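Structures follow.
Each of the next two complexes has chain A plus one other chain: chain B in the first, chain C in the second.
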Partner chain A sequence: MEKRVTFNERWLPYLLVAPQIVITLVFFFWPSGQAIWQSLLIEDAFGGNSKFVWFDNFINLFNDDSYYSSARVTVVFSFLVAAIGLGLSLFLAVMADRVIRGATAYKTFLIWPYAVAPAVAGVLWGFLFNPSVGIVAWMLQAIGIEFNYVINGNQALLLVVIASVWNQISYNFLFFLAGLQSIPKSLIEAAAIDGAGPGRRFWDIIFPLLSPVGFFLLVVNIIYAFFGTFGVVASLTQGGPANATEILVFKVYNDGFRGQDLGGSSAQSVILMIVVILLTFVQFRFIERRVHY
Partner chain B sequence: MVENRPLLTLLSHFVMLIGVIVIAFPVWMTFVASTHDQQTMLQSPIPLLPGRYLFDNYMQVLTQGFGRGFGGAPLWVTLMNSTIMALGVAIGKIAISIISAFAIVYFRFPFRMWFFWAIFITLMLPVEVRIVPTYGVVASLGMLDSYSGLIIPLIASATATFLFRQFFLSVPDELTEAARVDGASPMRFFWDILLPMSRTSIAALFVIQFIYGWNQYLWPLLITTKADFYTVVMTVSRQANVVDSVPSWNLLMAMAMLAMVPPVLVVIFMQRLFVRGLVETEK
Partner chain C sequence: MTRILLSSVAAATLLASAHGAVAQTEIQWWHAMGGNLGETVNQLADGFNKSQTEYKVTPVYKGSYTETLTAAIAAFRAKQAPHIVQVFEVGTANMMAAKGAVYPVYEVMADAKEPFDPKAFIGPVYGYYSTTDGKLLSMPFNSSTPVLYRNKELMEKAGLDPNKPPTTWPELGEMAKKAVAAGAKCGFTPQWQTWTMIENYGAWHNLPYATKANGFGGTDIELKFNDPARVKFIQMLADWSKDKTFVYGGREGKSTALFNAGDCVFHIASSASAAGIEKALGQDKVGISMMPYSPDVIAKPQNSIIGGATLWTLKGKPAGDYKGVAKFLSYLSSTPVQAKWHQETGYVPVTLAAADVTKKAGFYQKHPGRDIAVEELTLNPPTENSKGLRIGNFVQIRDIVDGELEAVWSGKKDAKTALDDAVKAGNEQLKRFEAANK
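Let's look at the complex of A and B:
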């Protein structure tokens, strides 16, 4: 879409885009280019010397078991975050949509977790499940479940999933609720007159009409689980125990800043960039289509 | 309501109530923990109701931080830094995006689409993906341990530019024509007509970006080494990782409360703008 009426100025438009373009070049294109360049170099451990090695960093990565295990953790983690997060928030949104009185109040009580930083969310949930003082860990122990996320990898992953879902639930809830409220009431009334009960109406009418929103949220949640949850992991587990919660984006940080393996870390960055670009394309294709509805 | 099923409505209320309680529970426990003394917080099970040390705990973290000898900053410093960073990111993003969107929509000039695509691409790569090289760039520009280093690398964003572009495209051409007939310069048109019309969009975007800036974790963690520039979120997380060696849960939880109260209040009191901003930035 273009404007029919525009201004004629020679230099002004360049002046206006300049701040954003300069910042984008310096803090976006330059570092991204460097990531790609560095992924082709090996720097020796004492710094200074670096050697151009073509794709050795990538080849090393693909021969590295720890990379595969990190990728596996990321896939399991993202799947759980997206599935549990979408399921729960859809359920809550359907319930909120049903009640007329109080719906706004419920909304207020459900949207605020969005404002809590992922890193702080990690701290809150770590406190609840802390093996020595956590109240939930204590309750679990009372019913005979030993919960210690500091040493048990699966429990650590579960806890990171719970904290991440909690942090993202408001976002999903808001979009699902908006989607539900935009479904024409006449459709639902017509189905009710034809004798369809609430369950039938949900699966045959509401659910299909909600699927565009659901698909959009799925992509957003996967991107969130891949990148947005860095703070949760950093506060809760630092990728441990024994790398059980080391998602890919945390491994980039771990290898680059703690391990000082710049080449390997940059190669991982490049792979992640490709993943985000693919996900963004999927999302945009879908939004293009949604416009035609 | 399509039909009247009191039982189902009751069930819905019940489910919502459970949901609200479960979601609020972590914050309730955090608040409770921040009102007891250290001794109480080390005995399991910890209490479920608030204690008497609210004032003491909050005073201590605000003025002294986690305690002497732990390299932390008093929390009022970190809160101030977070406020500066959040305001800087929100205002900076809005300022540079609105003028570049104005240029791209209201002018025809060579390389216009190049600029558009250059901005568009930034939509794709979150900071987390390119942390190591971005750190290198900021370090070589001498921007470590400074407010400009905290703010400027985060303000290039395609979402805000797109939001304004979308909005400007919906502004009727008649307004532009009228302004031109009356002999208004482009900047005059921008200040007197476009900017006042964008008020709500700006406010909605401000709410979202303030929260985004306040909640940054990785970026401040990387580029600050002096306690004077620590932000509150990174301080809480950093302290949480050593809490088992210095078990002052009451203080840590008071810090966590202070880290989340400002953005949560913003969301609750500006709910309408927040929801609008969230939906609009995703278009």
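Let's look at the complex of A and C:
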């Protein structure tokens, strides 16, 4: 039987959750409320000339081709960042888990990129691939590949994906590694005795047991791709060339802060908020069912 | 998200303005001049503070132009605005529309009974920031105009006379092609392509950017820059990009890295880039001359238009403060201050007197080519098409044009389709701006 400690004070639980509630109210509900209100207004940036226009800002967005193209870019980008990021870090974690000598050194090196801010990651990768002075671009040119992310949209998107994945890989790696280390060795050994090869052992035992971690990381990575990659895009491409890397969160910033179109920008953030809430809901509702805890 | 940032900026502003001077009246000046330029700004404020005792100007560096403007807007909404804020030229129409927030310079001067002579200013510098009837809205501060830089070393290598810059586009193309054939990595690259290749190309050839005198006559305007001349010009550049006669180096000032690395023979860039370019390549290897023109469009170039930023006065401070603002703005446009600013930064002086003083001091002999910017601006009396641009939501429109031009450089669109699409999308922005400011 379980032993439980209970508190009888009526208010204690409320008191204990209060700090979290207050933080959520101040830093989520209040600004979201403001964003929703602002999304129904058209006004000049200084706040004079404010007009309540119902859903005009949203209607404008849905009639705007550039909004759809930004949405398409975001979907492709998020899928690539999450898929490559998770796949690669799982591979690295499995490999690092097997290493016996010098494991700490490997792990430390793999964790390092996480200490780099996204904006700095963007600058670093931009420098490596810079068409005129970048060493990687230079090497690519030597083998006959013209790499110029300043003009070529697909290459720019690829570069933003690489920088974003690189930045996030350590985080994923840490969680996967912890997950791997919590899998009982006895299960794997038993399977080995029964004659299962390494591949079989991975897919039938390790992978399912890793799925809660994987699921958690999927949610985190999609949110990262939606919001956290802003710094990479801002420092690397500013959404260009020809808007090939203009993800939604960058467009929100660009229209709101550079363009001073607060109504349109707020409408975009509201849509973005709804999309992320829906995505997270779908993930918990449908994908979580298949996860073995 | 927008709101969190706005309110935290406002909070920071509150803190910043909490410790003001007591005896003197403090004038807050928010600007976007970092590095060396920021040093010069501090010196200017110091100079003013030492020249009198009543007022104290405090310059505060707020980051990029965008960050500075955003901070000022947030502060204004929180009723904590600075007296003076530096805003880039593309923000002009939006600032003008912000009635109730801005205090036009001509009113500031008149209310403070501060003497002020519009005729002292260089035409296109004054015109860009004034109303159609010639009333100045914001004080021109740092203005520049595109000029043609050439790499003399690369010209010599190609067997060209380094002291004979091209004056027309066909000449430039021919020379650039020769240089590329002689091993140069790039013939020509422009900086701030929307500003140099579309806006200034228009003014230089006396072509309209938009209806109603480029927007000076009202907000119900349409863009006009998809004319045959510019379509032909952009298409020519696109064709040049096949053999590296033209190389696109990125938005804003990014392409200057190519020229500074010694890759390109020709570079059209802001006159304010001169100091940096001369530092990178060595002053004797750089030549500065006027932008080329297309002889099939115009027989002689008209005049160029400026870029840069001005100082806007914001409302909401005690009436007495604005006397100090007026005095400070006068000080800034005084001849010695302007001459110093022009010589140290490469920005054009806002007054003709400052240019004369600089010339008499022999500055242009020591720094050949630094007078080209003023020469371009004053080449002819400005027309409706070359006075300046007054375009709402200009930041977004420039982004649109940048995007469409990039589509041309990457071969996705031809020049005509791209410029037509840019005009169409830009007109949507203008409609939106008009609706918001009716």
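One rule holds in what follows: the second predicted complex is superposed on the first by the 240 of 293 C-alpha atoms of A that agree within 3 Å, B and C clash if a C-alpha of one lies under 4 Å from a C-alpha of the other, contacts with A are read in each partner's own complex, and residues count from 1 in each chain.
Here is the rule we go by: a residue touches a chain if its C-beta (ideal position, glycine included) is under 8 Å from a C-beta of that chain, and two chains touch if they have at least 3 such contacts.
Computed from a predicted structure; not experimentally measured.
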Touched partner set for A:Ala35, first chain B, second chain C, both or neither: both
Touched partner set for A:Ser66, first chain B, second chain C, both or neither: second
Contacts of A:Leu12 with chain B and chain C, given as first, second, both or neither: first
Touching partner for A:Phe127 - first (chain B), second (chain C), both, neither: first
When both partners are placed on the shared chain, which of chain B and chain C touches more of chain A: B
Chain A residues contacted in one complex by chain B, in the other by chain C: 27, 30-31, 34-35, 38, 132-133, 238, 252, 256-257, 262, 265-266, 269
Of all residues in chain C, those that touch chain A in their complex: 1-5, 7, 66, 69-70, 73, 76-77, 91, 94, 97-101, 185, 248-251, 254, 257-258, 261, 263, 393, 395-396, 399-400, 402-404, 406-407, 409-410, 412, 425, 428, 432, 435-437
Complex contact set, residues of chain A against chain B: 1, 3-7, 9-10, 12-14, 16-17, 19-21, 23-32, 34-35, 38, 91-92, 95-96, 98-100, 102, 106-128, 132-133, 135, 138, 166, 169, 171, 174-175, 178, 185, 188-189, 192, 198, 201, 216, 220, 223, 227-228, 230-231, 234-235, 238, 249, 252-253, 256-257, 262, 265-266, 269, 272-273, 276-277, 280, 287
Residues on chain B engaged by chain A in the complex (per definition of touch): 1-3, 5, 8-9, 12-13, 15-16, 19-20, 23-27, 29-30, 33, 41-42, 44-46, 48, 95-97, 99-100, 102-109, 112, 115, 118-119, 121-126, 128-134, 136-138, 141, 152-153, 155-156, 161, 168-169, 173, 176-177, 180, 186-187, 189, 211, 214-218, 221-222, 233-234, 236-237, 240-241, 244, 247, 249, 252-253, 256, 259-260, 263-264, 266-268, 271, 274-275, 278-279, 282-283
Chain A - residues contacting chain C, complex: 27, 30-31, 34-35, 38, 42-49, 51, 60, 64-66, 130, 132-133, 150-153, 238-243, 252, 254-266, 269
